[in-house]
Amino acid sequence: MVKALSSEDIARRVARDIPNGAYVNLGAYVNLGIGMPMLVADYPVPGREFVLHSENGLLGMGPAPAAGEEDMDLINAGKQAVTILPGGSYFHHADSFAMIRGGHIDISILGAYQVAANGDLANWALPGPKPPAVGGAMDLVAGARQVWVMLATHVAKDGAHKIVERCDLPLTGLNCVHRVYSDLAVIDITPKGLVVTDMVAGLSAEELEAKTGAPLAFAESCRALLSGRAA
Amino acid sequence: MVKALSSEDIARRVARDIPNGAYVNLGAYVNLGIGMPMLVADYPVPGREFVLHSENGLLGMGPAPAAGEEDMDLINAGKQAVTILPGGSYFHHADSFAMIRGGHIDISILGAYQVAANGDLANWALPGPKPPAVGGAMDLVAGARQVWVMLATHVAKDGAHKIVERCDLPLTGLNCVHRVYSDLAVIDITPKGLVVTDMVAGLSAEELEAKTGAPLAFAESCRALLSGRAA
Amino acid sequence: MIDKRVSTLADMVADCPDLRDGAIVLIGGFGDAGVPEKLIETICELGLRNLTVVSNNAGSGDYGLASLLKAGCVGKMVCSFPRSAGSIIFEELYAAGKIELEIVPQGTLAERIRAGGAGIPAFYTATGFGTPLAQGKETREFDGRHYVMERAIRADVALIHARTADRWGNLTYPKTARNFNPIMAMAAATTLAEVRRFVDNVAPEEVVTPGIFVTRMVEIGER
Amino acid sequence: MIDKRVSTLADMVADCPDLRDGAIVLIGGFGDAGVPEKLIETICELGLRNLTVVSNNAGSGDYGLASLLKAGCVGKMVCSFPRSAGSIIFEELYAAGKIELEIVPQGTLAERIRAGGAGIPAFYTATGFGTPLAQGKETREFDGRHYVMERAIRADVALIHARTADRWGNLTYPKTARNFNPIMAMAAATTLAEVRRFVDNVAPEEVVTPGIFVTRMVEIGER
């Protein structure tokens, strides 16, 4: 029986994977996109401090305030009230995107409509009459050192693949995604294609391949997991 | 008998000519170059407030401090200790030159080796073995709304013209000077060439022309002055 | 004496020749934070037409920028994210073909405004390369990476919201309400500010927007 | 826990792989204000060779940057004004043909560094058009005005001087000693700071350089 991860489970896993910086005690600087990535802020990792960047001009973003404590001068990229942690700072939009575009953000965590095996991402425009809206997504994928994508479900509700050979929705950026976290697996996007590094228990390689629109390779660790289950 | 102006006289005259801004009580923002232009700071005009910009990151530059009160964290573009007036602010170099390049400085006041009748300026490099040094002069002439040049003497010590048809020294900028203040005259640089708007008493038009390396026209006000003296 | 303070929003707005039909207007704020709402609503009453408004969002509800849209003053919006919750008025105008829309990636929008203020006519960014938002734009390779050339935005008027100001126009901002306000203040011929509180003197090391970028301002009180 | 504080300058410098022969090094300061003198003097002892140093001036006397020049560590200077009073060591090296010099207009230098930090590979400026400093550079017309294309400067290491810092690396600067320090902090792979005083927490609205731009720092005491 396959037990898919909840969005909260995925967020917890992502938080756990955020590394420390290149130097001891340097910390990582992480931007959380609107929507599901925001959940990552709710899962601090004991003994590890990282700094959350909010594109609207905030470093050191903390969790949502208690009800009644909201300050609408202090919001995140999703326009929700947040808090600021000790060590935080405010700055204007050009400075905020200088951090992003200049390669100072270690990891950008984003949602997606489609991710391609070559790292292309589509996460800003769907067909329809609504006006398009892009926000900072294109800047983030072009500027952050790593881009991680979170998918609440590995496939869309209608069964369509979200992880595909080539995106057919309007692109956010080319060759920009490094890793995908879904409810079923963790997949690295490498120059050689998709490499599964982790899977939920009970899922077979064939099942995951069926739910993925591009060829999968399985990392050593993952193969051990699979064969362990098979044994 | 011609009485040439002292550098202090020229500075006093320049200060008096700094206009108010476009709106009532808006003030003018003025950058003073290294050397003689710095004297302008010593001649406040009663009832008129303007703001001095120092390229190293200071608005609201005040006069030199009293002896013993120097703070070497608070210096001007010439690396001399200065003071800050109420209403002043500090900012970094990119912001400082954004003010200059972005057209926010109303007047840049500079020294010069040569000024041409077409507004070209040469004020940064002389022949010789010394390493060249440009500082902010090229940014100032490209960015300020007006460029005024101060000449301590209308001609060089060796009699060479400083105001010329074409500069032969390395240029600081093209078509950038709007007005020249010398010890003998005030000259506007217009699309039609040099127009004298003021002269020291006792000087004839012919004498000024002889000391100037390009054709001069004389403004209405100046012609009145000349004919008044002649009468 | 330099004194950029004006008593009322109506007076400030009336004495601003750059506020005219067809003007390009920068409006600060991100979501509802740092939007000069009172100033916008005062400008609504001028009945201007065919403004190009540059602002990150396209307003929400029927206040602030949305009221300017509703009044029919805006011919074109330049923004990164017009699809905020509650941006109904914009969506109706857009669906009816009554307003032009230019979508710009948020960081490119910020940098284009900053470039306008800093006298940089154009710059290159990797943002948007290979996407529909780079269509028709010049691209160029530097050191093996592809970039899009983007032009500066300069405006006739900037409308901004600040926390404190002194008579010289030195400004501070409240928390993330800073957002686009400081760079917009740099990029317009005339910058008008609504300010929560006038003070005698903003400390020189705490000034965020130096007075050189501010034309006129009005005290609107704490919210 | 994030903690970028190091006990001694020697430790900080020893643990910095980007400080190596041939490195590009940004050094803050304008004249003597805001120059990280103690940090430079510590680096002198590493005996590095062929550094490219980007700094507004070329040092004066025999302290700070001049000591690095004197020790023969620098192969090239990129600066706007190497001819300050007392810049004797640089002038001697230059006259002897022992050092390369790239002169850059001061605002272009600042903007090239800021561009490096902001991920802008190139931009256009009117500064220098038609002068010897634009020779060999690409030019282009926008809206009837001529501009020079300038490339970003990115460095291996930035050496900066600050007034206060907290453990996250948030910095403030003293008065005009701010100058090039904040933009240089943005434009290097590793940013090392000498700081007059460590504090528990720099107030978030008074931070000039957010900690994201700072790698390591040492407290050097008030001067």
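Going by the order they are written in, the chains are A, B, C and D; count residues from 1 in each one.
The rule we apply is simple: a residue touches a chain if its C-beta (ideal position, glycine included) is under 8 Å from a C-beta of that chain, and two chains touch if they have at least 3 such contacts.
Fair warning: this is a prediction, and the values are worked out from it, not measured in the lab.
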item: Touching both chain C and chain D (chains); value: A, B
item: Any chain that touches chain D and chain B; value: C
item: Comparison of A-C and B-C by number of C-beta pairs in contact, larger one; value: A-C
item: Between chain A and chain B, centroid-to-centroid distance (C-alpha), Å; value: 56
item: Centroid spacing, where centroids are CA-atom means, of chain A and chain C in whole angstrom; value: 30
item: Chain centre separation (chain A, chain D; CA means) in Å; value: 35
item: Touching two or more other chains - residue numbers and ranges from chain B; value: 84, 90-91, 94, 97, 100-101, 142-143
item: Two or more partner chains touched - positions in chain C; value: 111, 114, 118-120, 125-126, 173, 175, 204-205, 208
item: Every chain pair meeting the contact rule; value: A-C, A-D, B-C, B-D, C-D
item: Partner chain B, residues of chain D touching it in the complex; value: 30-34, 56, 58, 80-85, 90-91, 94-95, 101, 103-108, 110-111, 113-114, 125-133, 173-183, 208
item: Chain D contact footprint on chain C (complex, rising order); value: 111, 115, 118-126, 142-143, 145, 147, 151, 172-173, 175, 204-206, 208
item: Chain A-touching residues of chain D, taken from the complex the two chains share; value: 1-4, 15, 114, 116-120, 166-168, 170, 186-187, 201-202, 204-205, 207, 210-213, 215-216
item: Chain B residues within the chain D interface of the complex; value: 54-58, 71-75, 79, 84, 90-94, 96-97, 100-101, 125, 129-139, 142-143, 170-174
item: Touching residues on chain A, where the partner in the complex is chain D; value: 23, 25-27, 29, 49-51, 53, 59-60, 84, 86-91, 94-95, 97-105, 142-143
